[in-house]
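As structure tokens, here come the structures.
Two complexes come next, and they have one chain in common, chain A, joined by chain B in the first and chain C in the second.
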Partner chain A sequence: MSAQNLIEVRDLNKAFTVRRGAFFRRTTASTKAVNNVSLDIRKGEILGCVGGSGSGKSTLGRMILRLIEPDSGEVRYDGQNLGALSQEEMRGFRRRMQIVFQDPLQSLNPRRTVAENVERPLLNFGTPKAVARRRVEELLELVGLDPTQSYRYPHEYSGGQCQRIAIARALALEPEFLFLDEPVSALDVSIQAQILNLLGDLQKKLDLTFLFVSHDLKIVKQFCDRTIVMYRGNILETGSSEAVYREPKHPFTRDFLGTVLHVRGDMRWEQAAERAEDLEGTAKLGGACCPYVGNCADCFDACRGSAPPLIEIENQRNVACFLYDHR
Partner chain B sequence: MSVTSMATTSPVPSQRFSPARRSNLYFVWRGVLGDPVARIAAVIILLLVLCAIFAPYLAPFPPNEADPALRLQGLGTPGHLLGLDHQGRDILSRLIYGARLTLLSGVVPVILGAAISIPLGLIGAWYPRLGEVVMRVMDVFFAFPMALLAIMLAALMGPGLGNMMIALVVTLIPYNTRVVYAAASQERELAYIEAAKAMATSDLKILFVEMLPNVVAASVVYSCTIVGAVVITAAGLSFLGLGVQPPIAEWGIMTSEGRSYVFVAPHIAALPGLAITVLVMAFNLLGDSLRDSLDPKTRLQLVKHRAAPSADDEGKA
Partner chain C sequence: MLQDADVVLSVRNLRTAFVTPAGVARAVDDVSFSLCQNEILAIIGESGSGKTVTALSLMKLVPTPPGKYLGGEIEIDGKNILALSERELEDVRGKTIGMIFQNPRASLDPSFTAEFQLVETLLRHNPELDRKAAQAAARAALIEVGFADPDRVLASYPHQLSGGMCQRVGLAMALACQPKLLIADEPTTALDVGVQAKILLLLKNRSRDTGLPIVFITHDIGVVRAIATRVLVMYGGHVQEEGAVEDLLATPHHPYTQALIRSIPDPDEDHGSMTYIRGEPPNLLAPPKGCRFAPRCEHAIGRCRDEVPAWHNPEPGRFVRCHLFDLEARQ
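Up next, the complex of A and B:
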């Protein structure tokens, strides 16, 4: 374990089984949401995670927070294997890692006031009510909201303001790690920049570590130190955000980036995401082969024989593609 | 742009209307009072409750005192405002006394049923395996029409007010549980519940602090709409000899007793029937109003919309 890694993920797997039909005659379909994923998140860095819809980004983050249990594999947080902890021991770690969701309004309890929403984590960990109230005011100020309005309900606030509330709540327990699951995707472009600024400022001020999920490579390039690229549950490429954006190595990243650049005329991320979903859709090959083999223009014989491992091709760059595997 | 220099932003609504931290009760109160229809409904229910409590003081005659000479006399008979029934009993007095049993057999089972259904539905939605079992058991109950189920249960337990109430509670549980279960199953998928897990909220708190306020409205509204059916079912049970027994004054019994005289003295059946209708409507209307005033999304507008421009109590935030 390297001292500078806050989180180490090793060989994480998760398949979802969806049951359909009634009691008898039940059919099951299985999706591999996360496939053998290993990664490190260093203390104090912003790690970006990009990929099309359904590529397993949220599932990966949820397993890191142990909101869902992995099928196999390990998440080590500050050296401690989270999977080995009892529920009670896990409670202690919950203080240290929090989550911010894509849909800000949905992530707040609609029938609780803003103050009640933000103070809940504090009360959970035994902060006296009066102290919690004062802390809520501090937190709301920290995210740029007027604390005197905290008796209001979430629906009275705009999307960007709700996201600020959600961020305040996530910071209440003074965590060191935030899993930001597309925190700006649901917001207007003009608001996106504000929230990203806020997150960036908070990260520096409070010395936080982020796992930042996005559809949008451009945002990730601006906001994140390093980036991982996911496709159908696999990590295809990692590297510094700048490098992944400037010089994409993996054919998927190139195509993905191409779709983003293609629509640069009007930089609507949804369109880019839609195009990316097209890339997701067509490949339906199973078994041992490169996950991208169905869409890859550079595909050759080796690609159908086995899945390429994620190997380091130059300093800090890892790519899972046989084009770069010269062993 | 730094965090500290960023101007604090206020919520969208104007500052002019800024109620202080108000409780749910405040909004229920304001919502009901501010809505003329709901106000009438609430007054009717209140009057009925008062009638039930103070029946001996309000009723001009004892409920079972008969004056055979005045049998079947219609409305406006001197001394008997609402006329007399087939045995010569004062109908107004019987209606006032009848409010007791009608509320007891129609409203109390609904409240008890909701009190059991809400935790049952919440827990069922939270623990899917347990929920599956619970809902399958409920399905068995759904196989029978509500009235038939109530009759079966009441027949099993024997006549009497207590047994009838238990039969009605049991009959109601599957319906109300399904309402709560459906609402809670939807809530469970929302991000705020996952956020609650991430901040180590205990299951009990997730269910009863986070989820409960979001599902209780559905149950309250449903309960209000079912009161009518329960009053009528209770009357039916009494009619079949499975509930309270004549000559006790109860609106359902009074209606069914009046059947035979529909052509001679229609008021005997019509008046208690009308009373049931009014009761049922009052609860339905109250239910609608409660739904709006329990929901933070609609209630502010309700209060704001209805507050007179000069209402200065709003200013003291």
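Up next, the complex of A and C:
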């Protein structure tokens, strides 16, 4: 265990199964949501995780928080294997790691006032009511909201303000780690930047560590120190956000970047669109092969025989692709 | 503005409001624009800017009540839409005007197969077709939107299709009746970037090949850059700026457009804090008296708070609703 890692994930797996039948429930299909994923999250960093829908990025984050139990593998938080903890012991760790969801209106309780929403975690962990109320005021101020309005209900606030409330609630127990699950995807562009700036300021001020999941590479590049690229449950590439964006190594990352539409962009996206994968068209992969083999422009025989491991090709740069595997 | 023969859609002084217990919300206030063959007009704005209500008004689809058309005219293919009865509108919607929406599943009926829904739509608007011909047309429509195996899709129920596939079925349905105009309300917002790019390319090619004019509603300027030919920028129910896509994005005139473009992360610039627009969008029940953007505008002058700006035409093809461009007053 390296002292600088807050979280170490080793060989994490999760498959979701589809069952049919009322009495004799049988498994008819199974999807590997997360496939043998290992990664480190360093203390004080913002780690971005990008991928399309169904790439397993949310499942990965939720397994780190043990909101979903993995099928196999280990999550070590500050040296402690979370999977080995009892529910009671886990509760102690829950204070230290929190989550912010995509849609703030769905994650806040609509029948509770803003103050009641934000103080809930404090009361759950035994903070006296009067103390909790004072803390709520501090928290709301911290996220840029007016504490004197905390008797209002979430629906009286705009999406951006609701996300601020959700962030205040996540910070109530003074966690050191936040899992941000597409926190700005549901917001208007002018508000996205407000919330990202707020999160960035809080991260510095409170010395937080973030796992930031998004499908928007532009935002990840801007906001995150390091980026991991996921596809069908596999990590295909990792590196500094700058490097992943400027010099994508994996053919998937290149194709994915090509379809990102830029404000000052040209019409190169049209070729990328022709190449872009028809997720629905690609047959389900069977057996061991590279997960991107179905749509890869550079694929060769080795790619169909086995899945390439994630290897370090230069300092801090890992890619799971046989093009770079010269062993 | 222009009155050419190939104008397909013209909107004049459209005003659509919602009557609520708390007051009248003027969601679309004095909006005018027109659209010609071969054009893709993007209407861009944030939530509450009035872009979706504008799109719904074009088909007279705003629920009344609580909605109310307070005034204006919408002319599509020679018909005055707001004057048509529900009965007459049924023939226009789906036939003259095709539409696709943000949530692809919501525009399909979950209890019928894609084939049933496509054939039903085709028969409804083309009484001369028999069922056989409609089935063949449905299959052809699916191939046209890029399905490699149309027969499997035809036999599928919406829940058996992914979001991107549902959107393409919806698009096939919208295009199958050869509409004169397509209205697309954030059709790719809920989709992955790759699927989004594919659908945008389809729309762009279709417009280029057949001249189909498209009204494309979005909040994503990247999407606007990729497919639009002309842009309307809406804020607080007003159109604030209009122009050809390249000019407008390269040199935005209205302070709102400028701020909006600045607030999008530009990955080619260096890592740093992002600029953003302070404050919140206006409350349409009590909108600012002057320019709707004045309370958040860095350049606002006294006049901006009291007086709604008139349209100014700083250069050919560009229109902006901002007092800063009132050159007479400046002199």
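One rule holds for everything that comes next: the second predicted complex is superposed on the first by the 299 of 327 C-alpha atoms of A that agree within 3 Å, B and C clash if a C-alpha of one lies under 4 Å from a C-alpha of the other, contacts with A are read in each partner's own complex, and residues count from 1 in each chain.
We adopt the following convention: contacts are C-beta pairs under 8 Å (C-beta built on N, C-alpha and C of every residue); 3 or more make two chains touch, one makes a residue touch a chain.
In this text the structure is predicted, and so the values were computed from the model without any measurement.
Once chain A of one complex is fitted onto chain A of the other, the partner contacts of A:Arg232 are absent, as it touches neither chain B nor chain C.
In the superposition on chain A, contact of A:His250 is made with neither chain B nor chain C. In the overlay built on the shared chain, the residue A:Asn197 is in contact with chain B and with chain C. Of the two partner chains placed by superposition, A:Lys14 touches none, neither chain B nor chain C.
Looking at the shared chain after the overlay, A:Glu242 reaches chain C, while chain B stays out of its contact range.
By the document's definition of touching, of the two partners only chain C reaches A:Asp188; chain B does not.
By the touch criterion defined above, A:Ser158 reaches both chain B and chain C. Contact with chain C, but none with chain B, is seen for A:Ser53 once the two complexes are overlaid on the shared chain. Of the two partner chains, chain C is the only one that A:Lys221 touches; chain B does not reach it.
Residue overlap on chain A between the chain B contacts of one complex and the chain C contacts of the other covers 158, 161, 194, 197. Per the touch definition, chain B reaches chain A in the complex via residues 1-3, 6-13, 20-22, 190-192, 194-202, 205, 210, 213-214, 295-297, 300.
Contact residues on chain C toward chain A in their complex (touch as defined above): 46-47, 146, 148, 161-165, 192-198, 200-201, 204, 219-223, 225-226, 249, 259-261, 263-268, 271, 273-277, 280-281. Residues of chain A that touch chain C in their complex: 52-53, 158-161, 188-194, 196-197, 200, 215, 217-219, 221-223, 241-242, 245, 255-256, 259-265, 267, 269-270, 272-274, 276-281.
The touching residues of chain A, counted against chain B in their complex, run 62, 65, 67, 90-91, 94-95, 97-99, 101-103, 106-113, 117, 120-121, 124-125, 141-147, 149, 151-153, 155-158, 161, 166, 169, 172-173, 194, 197-198, 201-202, 205.
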